[in-house]
Structure formats: structure tokens, C-alpha cells
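Below you'll find a set of structures to go through.
Two complexes follow with subunit A in common, the first pairing it with subunit B and the second with subunit C.
What follows is the complex of A and B.
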């Protein structure tokens, strides 16, 4: 009896081996990135490359040189690229997240609550847009953004709004799709009650519906932010040197003459921070049972 | 408080008519109850009055104003929903003050009004709780509180008690009755429960299939139902119906069926004959039958007892009379053996006659 209990408690060693392997696979690259970012190039390239080294913040100083309040001694030439790219990434990711959510909630609300011709079709096919791989979009988008979407001299390519437009279009279908399922869960009686209480359609939407789909908004925000933040293909094609995002900058700093691994890894580590903070904040909003107590218990 | 008048009010979904042009006047400060089986259109009617459902034809007047095209908020109404519909992200106080806050009422006034209503409903201790932290009865009270904090002229109730358990329902019913005496407003109340209708209503509107079948005070409906439907719907336990024929024995007309025979007054008999010939339906309420072993053969009903339900001072007998099943209310002291044959009498006022074809009262 106790024998049997013991055997079920003590699992097969292969199980632990698998777990360890998975952990190494998951954490290995991150550990490597962080440790490399703390090494000087001598340590990175050295024959005795190991986990034993003198950590340094020099790479971070190089990356952030024009953002820091002091001038790092070791940096002879301050390249503003990385600092600028971080700023660009933040602006583009936040703007596309905000715009996607605003348009997405309204579209989802309309699809759920309003009756109009072709509602079912729109609801179904909106997700199909998402099925097109970004790589397929690359060439036509580049062409249109460079030659067609122009106001006077300036064209959409290379501008913030140009790339934000692409990201919004890319993420909107999925966001609408997620939010629809959240809006369906808001009991229609709540909206009726609000209307009787004297709310106009916008007040119903903003004061009653929106607070109740907060978890959906948070999930959609994390999703959109992450994609806009990490996207490389379209950003690489559309953005110029002043508006480039971090992923593009990292890849561009791999040149045939010099690869500064320490700086690249430091940039990578910094790149990971905003999405982590964003996800951490947004996920606090993801709680179940938002509509508990609304109707009959 | 304005008088509410429905004029030829019609609702159709495509080619399907749900409400067939009803006309109705609700007097000032009257507690009107719309009652009927589910699907009879009572809730739809209420929702049209509220403005939540569009009106297909006809008009709703509040006072002299036609309101059928107005938004709910322009109609000066407050509504209590069947499943409460409380805003789950707001606490009780915020729920109750939502309408006032939308009207940009000064905060002082809101606080005063909320605490006033909370005191009436016994909700003071819960003002800072969210709806999810309240019991069903408390939520229902908050829903009523939300309606009460507004100074609307008309209150609409859409089956507000149907989600509560039996005991709580009785208690809330009493509270509602008390509230309607204290707050002099128009109240329109929808329910499928005839007990609620009888106890609360100044006037009851019985609906069936989108038509008004009868309206009147609870007493009128109980004593003089206009049709078999109303007779069967109002009263608990429901009225017994027996098929019978009219028999003329040298001037004395009786309704006769299997196991019973009742003499009719001359006036009634001639009316019955004129309207429906020989075939009629006799309706007798369970409470209108009384044990009378020495009853005249020409004026009695013989039952064999199937089941006796003891409910305290009264017992309900389920019995058979010919092929018909009947229920009878008797005093519980009366010993009754199952299978026993008993002889009952009925007073002439307790006999209701209905036409067999139209099912209208004679």
C-alpha cells in the first residue's frame, strides 16, 4: 500500500530529465543574453569563455549613452541609434495598441449588439485577414506605402503613422475577435437598465460595457503590444534610420566588419523589459467573474 | 403622476403578431398588474411602455404626451428587471445613484437620496458592497432601490420576484405592497404568478396570446371571470371544470353531468339556453364545494377521494367525479378515507357556466 503510494510520488527519472532539458532550453538563451551583455568583448571572444567573468555595465552605457545623465568615460563616440530606437519602439507599440483597442472595441460592440446585413459574414471573415502571413504583405505594403500613400512630398513609408497603420490593420481582426466574446458575456439587461436610467448610447458603452470587458481589453492589449514591439519584417522594410525600431536596429548592427555582441545583447535585454512591465501591469486586469452579481445569482 | 393610456398597441416580429392591438388605461397612481402565462405578451407590453422594444403600431400616451417614439430616458420611468441587472463593477451606493449621477445631480443631494432609500429598504449596511457580495434578496432590494432613488413618475416591474425562493418572495411581496402604499406612483407590474397579481394589484389585466382577456379588481376577476381561461388562471388551487348538459325537467333546468346535478335559477337557465344550447362547461372553485351528506339528489356532486393533501387548517382533496378529476378544499378536522365516496353541494354563486365552444362566461 505505502509502497504503491511511494512509487506514484517518485516519478520516473526521465521525467525530471525532460523537465531539466526544457528549462535549459527555455532559460538558456535568456541567461546567455544577460551574461553576454555584462561581458566585455574580450571575455565574449576569449578562449576561456565561461560563466566566470568580471561583470561590467559598459555595454549598457554604450547603448544608453545619449539617454544617460552622465557621460560614460569608456564611450568614445556616442551612437544615438539605440536610444532613439527604444523611443521609436515605445511610441509605435503604444500608439498601435491604443488605436487598435479603440477601434477594436467599437467594432466588436457593433458586431455583437447591432443587427445589420452581413453581420455574420463580417464577424466570420474578419479573422481571415489574420491568416495572411506578414511576409506576403511585405512587398505590396512596401510599394503602396512608398508610392501611393503620400501627402505632398512625404509618404507613409518611413513614418510612425505609416507603420502604426500596418500594425493596427494586422492586429485588428484578432482583437475584434477576442473582444466579441467578452462583449457577448455582458448581459443585455445591464445595457437596458442603463438606458432606462437615462444613459445615452455612448454612456452605456463607456460607463457600463467598457468597465466590464476590462479583462478582454487587457488580453488584447498584451497581444497587440507584444506583436508591435517584436515585429521585424515590416518594420525593416518600411522604416528609415530615424524611425527604426529596436529589432531592426539590432539586426542592422550585425555588420561584416564588426559584431559587438556585448552591445547587441545589452540592447536585447533592454528590449525585453517594456513588454514584461506592460504584461505585468495589464495582466492584473485579467480577473475572471467581472460580471458576477449582475444578473440572477 | 400622468395617466398611462395604450391605444391599439401592436407588436409584430416580421409577419408574426405578438401583441394584437391592445387598449388599456392605467389610472393615476394605480398599481396595475399584467398577468398571464409565459409567452402571452405581458413582458413585451411592459418593455414597449419602457421604450426598450419598438412599437409596431398604435400609441402609448403618458398624460397627453405620445411617447412611443421617445427614448427610455425621456419617458420618466424607472424599471426593475427580472434578473436584477445590477452594474457589477459598481457598489450598491453607486448602483442606486447611477441615474442621478448621469443627471449631474449635486453630490449632497445624491447622498441624501441614497441614504433615504437605503433606509426604506434596509440596505444601509451594504452600501459599499458589490452586487456579487450580496444575496439574491438583497440584490433584488438594490434593484428596487435603484428605481426608487429616481423621482420617476412611473415604475415598471418585470417579474421582479420570480428569481427568489418561496419564503423570500412572500416577504418581498409584502414589502412591495407596503412600498406601493407609501410611494404614490404609477406602478405597472408584470408577473406570471396569480398570487402576486391578486395580492399586489389595484387592477389586474389578464393577458393571453397577445390579447387582453379581462381586466378588473382582484375581486371582480375572482368572482366574475369572463372566460374559462381567466377562471382557470386566477385562484389557487385552480377552478374545476366539468362538461355538462342542460336538462329541462318540466320547467326546472339543471346542469347534469356524470356524478353531479345542479339546479339553475330560471334567469340563468334561460340565458344559458339562449347562448349555448345544451352543452356547457361548469366551473366550480375548490373552495366553493362543501360537504353535505344530506344533499338533495337534484343538487349534489359525488366524489371518490384519490389523494388528500394536508396543508394545515385546510386539506386539498384530489378526487374523481365520473371521468373528471377535481380538487376540493375542506377543513382538515373532517376525517376522510381514501377511496371513500363523498357527497358535496355548491352554492348557486359558486357555479360558473361557460359556453362549450367560445369558452366565454354565461
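What follows is the complex of A and C.
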């Protein structure tokens, strides 16, 4: 494109208006959630304009009352459900991410270096997995986890490891696939050089290969964490009162009438914060992961 | 390698095989699977005389068709409009992927709040301009429209980002040649850009279609399928059949139908990529020989 064309385009005000409108549309609902979470119920229900209000952290105090280091004044009755759910969500999401990454990297490395299966097979399985909706897994996973996967009296349903197993399996095909495309780019000569210098296979893997595929690891970690953190349906079916995650508690607290919007939006904001942070820190890796399926097969 | 295969067998392949078996049973959640009676194909055939299943199938198809076509038009349109070298494009992309990153539950929550009959922003705005309130989530026509709008908000950026990536990787020479030959902006779009983007667009469209059949949480939070069955998409129906009506066999049969549809879409996509790859290969060889 010639320089002249570029500069005239840059000055086009309609173009900028469009960009601004798009940003407002994309961010508006999220901003609205956060601002509602800072309002008292009186302000939410009030007739007056929604822009003028006294921000308050009362809703967050209600939600987090039992994990706070101080006792909030305004909260009369402390419901520990949410604090516990937040802990559960963190444990489950972090464990799923760690296990998926460990198993996934090993598998991807083996696939590339020892040529077990063609790349076609892997991308096919990864695609197939993308296809399976969680709703389809609901019946069998519920049945198996409640009745089959039992050690003595305790079954996989309701436990952390039960749900982590599902999340790991759901994410593995994608993680293997994306890591594989990064490992392929590591020149084999580099590994051979390290081996000549006397590094054992583990050292080669941990000191040479892993540092080079960091961006791939970041993308894989974010995708796995996001799915485990956001997932509702299977968590709802498998987990019990003590191991429930945040999405499940949110849906449970949604009743037909009398929703305390401030509190529920505070919960929603807390659930949304980790993915938002990831997005701003690693948007490039996320876009790589997202477009990998379509732009290059 | 071995652990990966083990995990996937135990937690993916086994469940899917289990589900195929369960779809032939009359099974409720309090029984062990061994105690359930075998009913053959009854679960499958009885679904076709089940009005509410047909209704939800229809809703799903309508939802998927509208959502994917509108998102394709808007997403590709925006990509064509915004395909310029502006500073801050990466910031724009970051902002656009936010709706896809936050939990579907939260997306549903936000939209349910915005559609709220009295405190929601849409009705407040309408009222302040003197218009009537719209029954966003309590009327069967509007509720479907509302979930479609919410889905467009969440997923158009996906198509936008993919088509922008496709646009920016187009061969510069073709566009330059067109410009030199005096093609107008529209002509460039219709005769050069869109045909060259087509492979990516088709794959994007199929990916989006697959995902549109998987939507569940957003709708669950916003309408829970109601009013009536007007927004009860198939995956929601499966979840409700399993947990509310306690008919696991029927739910499994429905899951298999859904899986079948998705499998066809996936295979279509796979075949398409294979064909276009081999065509590109042939073309390349032809050029080299020439």
C-alpha cells in the first residue's frame, strides 16, 4: 500500500468512530458487570442513572467473608460457600493444568522425535475432541464416576481427582497438538549438539527443548486453565457440596426472583478476573492457539 | 506417551463407548448400569415421536444457522474494514478476545442482567427514550433473539480474528496486480480477497458451527430453556433429561444424535482441508513442471 493511501486512511474519522464503537461494545458488558459488583442493591434497583453511585466493596466482603483476614462489619451472616468454592476452583484448575502440561509435553515430544503416529492422526484426534460437547460426556462420565471408578467405598464422583481426570483428558488432545507444532520447530541439531556435549536425555529435554517451547507451553497452560476454571456442566454433575467450584455456586444462587445482583456480579467478576489477566498478559499466545486450527492445518 | 494414551482411554474413549451402550438401556441414575433393562433401539425411535425433542432440535438448528451466518457476515465485514496498518491493532485484538475468555456462566450472567425487565440497561434505555419495554427473556420470539445476540457478542471476535489473519497473509502480488489494473475497492474484495480467503473462511465457519451446537451454559443461565421450550437447545435438553427427568438412556441416545451431527461436520471439514491441500499440491507441481 502506498504511503499516500495510508495517511488518508489514517485521517478518516468514520474509521476511528467504528473502532471506538466496537471497543465500547466489546468491553461495555464486562465493565457493567464490574460496576454493578461495586453497587449496593439499592443503587442497582434505583431508578436513577447508573453512572453516579458510591462504589463499595460490600459485595466482595459478603462473598469473601470467610477468607478475609478481618471480619467485615456489614456482613451479618457469613456464608462460607463461596470462599470454599474459590479454593476448590483454584485447586482443580491448577492441578488439571499442571498434569495436562506434564503428560502433554512428554507425549508431544515422543510423537515428534520417535515418530509414533503421523501428524495427521494427532490433528484428527484433536479435532474430534473439539467436536465432543461436554453435554455428551455428561451421562457416561456421571455413570462411570459414580459406580465404576471406586476404591472401596469412595468413588471418583465428588473428589478432586475425579474431576481433574476429566479435565486432563478433555484438554490433552489440543495440548499435545499445539505443543507438537512447537517442538517440530526445535532443530534436531541443537539436541544432538547437547548430547555430544554429554547431556543425558532428561537434560536435553529439560534444559534445551523446554526453554525453546515456552510460548507453546504458555498457550497450552492458558487454554487448559481456562477450561477447567470455567467449566460448569460436568463439575455440577460430579462434585458434591464440599468440592463445588465457583461456576456451580453461581448457578445455584440464581433463583427466579430476588436476585442480589451486586453480590452475584461480585462473584462473577472474581470468576472472570483470572482469564482477563491472562488475556492481557498473553494475548499473542492465545491468538496463536485460537487460530492454529484454521489458518494452518 | 503412555500416560497420555492411558488417561485418554480411561476418561474419553471408555465414556464414549459406555454412552453408546447406555443408549440402548432404560436406565435411571439410582441404578447401577448392570441393573438397567435392555430396550434395544427404543430410545432412538421414541425420540422421533417426542414433540419436545423435535422442538429442541428445531431450536438448535435455528440458533446455529442464525448465529453462524450473522457472525460470519459481521466478522468478515469488520475484518475487511479494519484491515489496515493501524497502531494499536494488537490492543484491539486483545480487547476482542476478552468475551471468549471469560466463563460462559459469567457471560450468561451479564446478559441476563442487561436483559432484566426493570433494572436491565436495554429496557432502561428504551424507557428513557419513551419506548415500551421489550420482554427480552420472557417472550418466546424475543428470548431466542436475545440468546442469539449474546452469542454474537461473544463469538464474532473469533471470526474477526481468523479472517483478519487470513486477510493479512494474502499474497500482496495479487492485490497489487488488481490495483494496477484499476479494480475498485469492491471489486478487489469480491474478486480477489474473498476467493483467496475462502479456504480459511470455510474452516472457520465449520469450527463455529461445531461450537454453536455445543453452547449450553450461556443459555442455561439466561433462560434455562424457557419460556416454554423456546430456547431449549439440544445440549440443554440432554442435561435436563439426565438430571431432571432422570432418563439416562434417552439422554445418551440424544447425545449420540448430537455427536453424529457434529461428526459429520468434522468429517466435512477434514475432507475439505485434505482436498484443498491436494489441490494446492497439484497446482504447485503443475507450476513447477511448466
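The criterion applied here is as follows: the second predicted complex is superposed on the first by the 237 of 297 C-alpha atoms of A that agree within 3 Å, B and C clash if a C-alpha of one lies under 4 Å from a C-alpha of the other, contacts with A are read in each partner's own complex, and residues count from 1 in each chain.
The definition used in the following text is that a residue touches a chain if its C-beta (ideal position, glycine included) is under 8 Å from a C-beta of that chain, and two chains touch if they have at least 3 such contacts.
Everything numeric here is computed off the predicted structure, so don't read it as measured data.
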Could you tell me if A:133 is touching subunit B, subunit C, both of them or neither one (first, second, both, neither)?
second
Counting residues of subunit A touched by each partner, does subunit B or subunit C come out ahead?
C
So in the superposed three-chain picture, is A:276 touching just subunit B, just subunit C, both, or none of them (first/second/both/neither)?
second
State whether A:24 touches subunit B only (first), subunit C only (second), both chains, or neither.
neither
Contacts of A:141 with subunit B and subunit C, given as first, second, both or neither:
second
After lining up the shared chain so the two structures overlap, which partner does A:172 touch, if you call subunit B first and subunit C second: first, second, both or neither?
second
Would you mind listing the overlap between the subunit B footprint and the subunit C footprint on subunit A?
290-291, 293-295, 297
Which residues of subunit C touch subunit A in their complex?
1, 3-5, 7-8, 10-12, 14-16, 18-19, 22, 27, 29, 32-33, 78, 81-82, 84-86, 90, 92-106, 109-114, 118-119, 121, 124, 153, 157-158, 161-162, 165-166, 169, 200, 203-204, 207, 210, 213-214, 216-217, 220-221, 234-236, 238-239, 242-243, 248, 251-252, 255, 258-259, 262-263, 265-266, 269-270, 273, 277
In the complex formed with subunit C, which residues of subunit A make contact?
1, 6, 9-10, 15, 18-19, 22-23, 25-27, 29-30, 32-33, 36, 44-45, 50, 103-104, 106-107, 110-111, 114, 116, 124, 127-144, 146-147, 165-166, 168-170, 172-173, 176, 226, 229-230, 232-233, 237, 247, 250-251, 254, 261, 264-265, 268, 271-272, 275-276, 278-280, 283-284, 286-287, 290-291, 293-295, 297
How about subunit B: which of its residues touch subunit A in the complex?
50-52, 71-73, 77-79, 81-89, 98-99, 102-103, 130-136, 139, 146, 150, 163
Looking at the complex, which residues from subunit A come into contact with subunit B?
187, 189-190, 192-200, 203, 207-208, 211-212, 289-297
